[in-house]
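Presented sequentially are two complexes of chain A, the first with chain B as partner and the second with chain C.
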Partner chain A sequence: MQSVLKTLSVLLFAGTLSTSALAADPIKIGVVTPLSGTYAGIGQQVRWGLELATKEVNAAGGVMGRQIELIFEDEEANPSVAVQKAEKLFQVSKVDFLTGTVNSGSTLAVGQLAERSGKLIATTVSFADSITADKCSPNVFRVNARAGQQSAALAAWMSKEKPKAKVFYLGPDYEMGRSTVAAFKSNVDRVGGESAGEVFAPLDSKDYTQYFGQLRAARPQVLYTSVAGNDTVRLFTQLQEFGLLANMTVLGASGTVTAQNISAIGKAAEGFVTGVGYSAEVASPENKKFVEAFRAATKSDPDLYGADSYGLIYAYKAAVEKAQSTETDKLREALRGLKWSTPQGEKTIRAGDHQAEQVMYVVRVKDGKFGVVAEVSGPDAIGADTCTRF
Partner chain B sequence: MLEYIQFVLAPQVVTGLALGVAVILVALGLTIIFGLLDVINMSHGEFYAMGAFIALALGQVGLPFWALLIAVPLLMLPIGYVVERGLIQRVFNSPDRHVTTLLLTFGFGLVLEDGLRLIFGPNPHRPETPIPGAIEILGTYLPLYRLFMVGFGGLLILATALIVYRTRLGAMVRAAAFDRNMAASLGVPVEKVYAGAFAFGVALAGIAGVLLAPIYSVFPTMGRDFILLAFTVIIVGGMGSIGGATIAGLFLTQVQAISSLYISPVWADPIVFAIMVIMLVVRPRGLKGRLGHA
Partner chain C sequence: MHDALTLDARANHWLALALGLACIGTACIGYAIGDTFYLRLATEALIFGGLALAVDILLGYTGLLSLGQALYFGLGAYVSAVTLIAFPSFWTAMGAALATGLFGGLIGGLIANRVRGVYFALITFGMAQVAAKAIYNTRSLGASDGLIGVPVLDVNLGIVTVSTASPVGFFLLALGVVTLLYALCSYLMDTPFGRLLIAIRTNEARVPFLGFRTTTLRLGSFVLASCVASLSGALYPMLRGFVSPELLFFSTSGNAVITVILGGVGTLVGALYGSIIFTIVKSVIGSWTEHHLIVIGILFMAVVIFLPKGLMGLAQPLMRRMVHRGKP
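Take a look at the complex of A and B:
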């Protein structure tokens, strides 16, 4: 009896295989993203964005008549796990394309694997400039804005609002803090601002008051900071306590004030300005339609990760239809210079470094929420192409 | 020069004073518990965090800040009492009391920290500053809330010293610290005095938590921020001495505040700890002697 069942199931299995082979095969897209751990919230947005766009594309007839199928793997925000899971998706699931990596380490590591496997990947989240600069790869694309674009957009806004402003810099004393301050400083120099001094505070500082004397004496119009997490809470609170926020505009990195700490900062966050690649508040009709669909599907607002992941599926669709193929070399050619439509408007992938050029937004905190105060055009924000590998 | 004093030096002295008063409140609890029970309470920082979180929770249901300054220590008293009777008293008479109680309180501190994380989540919170604004004295900008902290904390320190040195209750505490068996035979309820003193120390840490929450924000690992400094203060001041802890607390926080103007704040901590090491070498019993012994 058992052997009969076995034979029967083998027959049935073979039957399903042959029928699916008869219909058009789905295009498989692997998604290696953190579904558990600290970055699970980001992974959730990535998943929601990809699923929503895939549903829309499939309902409209798919890509060249083929449906898109997403295959998810949890990378736990750990580059070595990400590589393992990506390898599995390339070798076992035979995916045509891969996306989802969140931290920059994962994106770089999976990018190397993609080169070895002759596949293409795209990140929709990672910020590190190096991914599309000195560590660029012919097999890696980025459809979200990198850190340099945020910084350039903010500086462009500042030069209009506060021409020739005196800027004081306060960064956390480690690699990210020093590089963000240096990047913004070079942007400020470019737009004609002036430095009023800079200090670097240790991570987890209890007090920032020892810098306030220098800050007060320098009388800057603008304070730029890239502290994050609880450090932001303390810095902003103490600035407010010592009455320093009254005559000064505070600008910062996009990770300085976030959903995690904005309520703890409270009133001291009012007026804070930063540059981002997306905001749910963007007033274009494309974005309104997207936000509505996203809310209906998930009961949540999209953030930049959700929006950029949503946009990626449309970039892939446009590129496959342009190349008339999912084959790596043809698809790469199609992606280079591709223009496609996203919730943020039209984006272009720069052929020289595979970085997407897009409109950037300057957002300001008002009544405890970010609102868009200005847009900076793509070419003004993207910065130089420094990729030399291809 | 004048601008330097107005803008830099004077505000920093006040900042140091406010921090000093808060550290002394944390250290007082530690030093009383050590002087009396001979127990090094490694979970003291977490009681400070607990005070801040209770204040946060009560503040969210609408209790004003002034009421919190009374309600939080009142709630912390029974918690401290139960912890002493339920945990510390059980291992108090073990042969290696220092090590056993140190490990016990260290473990308990970890449990408390994770408990706070489970209940309140890992993100920071902050109550609004109850006295916003600042006054300008001779061109120096001083936040009102920090001035309030210095005044209120100073009163609390004075009250603690009066209770320990000038009341009948304080006499019982000092007697029990000096000679446990003699005090017991003279009718001092030693075990209750122990638990009571522990609870008192915990309540002081709780008040420090309430006072500092608007400035330093509230998060599960906040207990680690002050515990090293508080231990340094009681070592320099003399383990178990209230006066010593006060002097050492004010001195060390000024050293920290002023030195961080001239060197990176990363180096301010090593200076403070170096003073502790020098003190241990030159004068191991600290500035003042132990509680009940001086």
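Take a look at the complex of A and C:
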């Protein structure tokens, strides 16, 4: 029995040796992303973005002569599933790198697994600040803009367009809604705005008019809201019916008005402003080329998830070529401070907290479509480095 | 003199022994080839098997369908995670989880046992949803992001010390805990207490005429089930290093019910077999197609239609004949 086991383990060991010895073997990138359930739409964009960039890189000769191979697993937007699938990719498929996690809980949990397995991951979607702040990990990178960057960009724009504005806050009454409002409020305080009051409405509120008395009495120039989905539809249409939109600019979180609800909101969405890390309307030649290629491949427009995921493959390629290795420690060093170009313009990974710094865009709804109205430079939006672990 | 129920239970014990031996065999092979993923997947299967065991006590013996057993599983996991972050000791975490199961089970049992049938299912479902939402919105518990940073432990078992980071070590530890839970449950189900639970399932109205209070019995089975679920849940953060509100969601409770039905209702050991098969099937199909929920739904329906007694409905009669060959 023992000799059988010994032979078996020798064979397996020899197998792993021979695979790592061949330089022309593909580089494997694991993608743990929601392909089913509520976040399947986001997972779809992640998949399209990664696949498009991989195809381009492979057609141009790959990374250090090696082709990139993507291995997808469905995480069902559940951290327990994500961790199990990530472990499978690390241990069984022996991936060199991992990405794709969407909800912040999955990114944090998979990041911890990566740290314990000595691998690197990057998220292209999660925007909870904690991932590159108090819960930062030496093995986790983020190439998309975090919530703080979106809200800092929006506040910077507001202070320019509406200096010393009185701002009224209306958020959904749950943890995320409250923390989004608190983050924007601290940004407004920083740029010299004034608070005119705040209310929190339960999720799935049918009637927002009960808050309108307070809103009208406060006479704000700006309303900031972080409601989402169908709540936005009801809030905006009710604001319009009560004639409150006439003398007030409505700002919101990036998830407040989206492609999913913009047509249902209709005219009431006109003039809504938010801060984002990407818009398909960005007028640079790189972006035009990217949007065309994306449309040709998928017959849909890219959104920020697709664009950030597309950019990640190029970041990985640049880092591997700089490090001349896919090995964790060398690659981590190469990724720190890495500058590379993406459809959104040049991005830099800040070495201190692994957060990507990028130009932020302020977009406004006009004729039922978002258009870019301003750009906020990377250093103005990124905020302080609060990661203390490395 | 043994009645049919005892004979069934004995057949189940043999099946449990076979499962245990198979697990030890798996551990040996896994250790020899230096595997990590499959051993840890098997550990997860055992942990969720503990949750299914809890559902089977309620569904298979007392006749109560709980659609919220993940409440106690998740509470056990959170209590264990919080304890471990503050004070990394296996026994303290298990003790805290047991206390949570007892206390939470008493409160939940007093609420849920006021009603029967479909209302019981709805109340248990509702309680789990309320707790899940509360945790989802509590920032000190990590809110929607969950808690990470549960440390790797060295568990001192007296003779040996096992690290939770060791795939084979923790697999055997989880096997030990789940075996103890199984042994405790199957012992209790063979006592007069267990027989009375079966009597409640069969005809609750007649039990008081035999001189027993059904409310106490039902509460007893509810508390037992919540303790089993909570202790199983306590192992989860040790395995994965984190907890998240999804552990309390309906998908976790629902999967536990599917597991029990797949394995065979009212057999206890079926819950463990069911969990292992369900976890493997989910992992394999999940990697194969993103439409895994459809495949699992169809498999579930097929089991309900063609194997109404689950997998144990196939295995148990065979085993009973083998065990009692030659005996009257």
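Quick note on the criterion: the second predicted complex is superposed on the first by the 367 of 390 C-alpha atoms of A that agree within 3 Å, B and C clash if a C-alpha of one lies under 4 Å from a C-alpha of the other, contacts with A are read in each partner's own complex, and residues count from 1 in each chain.
Operating definition for what follows: a contact is a pair of C-beta atoms (placed from the backbone, for glycine too) under 8 Å apart; a residue touches a chain by one contact, two chains touch by 3 or more.
All of these numbers come straight from a predicted model, not from anything done at the bench.
Q: For the combined arrangement obtained by superposing on chain A, do chain B and chain C clash, or do they fit?
A: fit
Q: Taking CA centres after the superposition, what's the angle at chain A between the directions to chain B and chain C, given in steps of 10 degrees?
A: 70
Q: Regarding the shared-chain residue A:S284, is it in contact with chain B (first), chain C (second), both, or neither?
A: neither
Q: Looking at A:S186, would you say it contacts chain B, chain C, both, or neither? Reply first, second, both or neither.
A: neither
Q: If we overlay the two complexes on their shared chain A, which of chain B and chain C does A:S104 touch? Say first, second, both or neither.
A: second
Q: If we overlay the two complexes on their shared chain A, which of chain B and chain C does A:Q112 touch? Say first, second, both or neither.
A: Once the two structures are laid over each other on A, A:Q112 reaches chain C alone.
Q: Between chain B (first) and chain C (second), which does A:K85 come into contact with in this model arrangement: first, second, both, or neither?
A: The answer is second: A:K85 touches chain C but not chain B.
Q: Which partner does A:K206 contact after superposing on A: first (chain B), second (chain C), both, neither?
A: After superposition on chain A, A:K206 lies in contact with chain B alone.
Q: In the three-chain superposition, say which chain, chain B or chain C, touches more residues of chain A.
A: Residues of chain A touched, chain B against chain C: more for C.
Q: I'd like to know which partner A:A217 touches here: chain B for first, chain C for second, both or neither.
A: Only chain B; A:A217 stays clear of chain C.
Q: Across all Cα pairs of chain B and chain C, what is the smallest distance in the superposition, given in whole Å?
A: After superposing on chain A, chain B and chain C come no closer than 10 Å at C-alpha.
Q: Mind sorting out which residues of chain A both chain B and chain C touch, each in its own complex?
A: Common to the two interfaces on chain A: nothing.
Q: Can you check the complex and tell me which residues of chain A touch chain B?
A: Those in contact with chain B are residues 173, 201-202, 205-207, 209-210, 212-214, 216-217, 229-230, 233-234, 237-238, 240-243, 260-261, 263-267.
Q: In their complex, what parts of chain C are in touch with chain A?
A: Its residues touching chain A are 32-38, 40-41, 44, 136-139, 142-146, 148-149, 152, 165, 240-242, 244-247, 251, 283, 286-287, 290-293.
Q: Using the touch definition up top, name the residues of chain A that touch chain C in the complex.
A: Against chain C, chain A makes touches at 5, 8-9, 12, 35-36, 40, 73-74, 76, 78-81, 83-85, 87-88, 90-92, 103-105, 108-109, 111-113, 116, 128, 130, 135, 174-176, 179.
Q: Which stretch or stretches of chain B touch chain A in the complex?
A: Interface residues on the chain B side: 3-4, 7-9, 11-12, 15, 19, 123-126, 128-129, 132-134, 141, 143, 145-146, 214-219, 225, 257, 260-261, 264-266.
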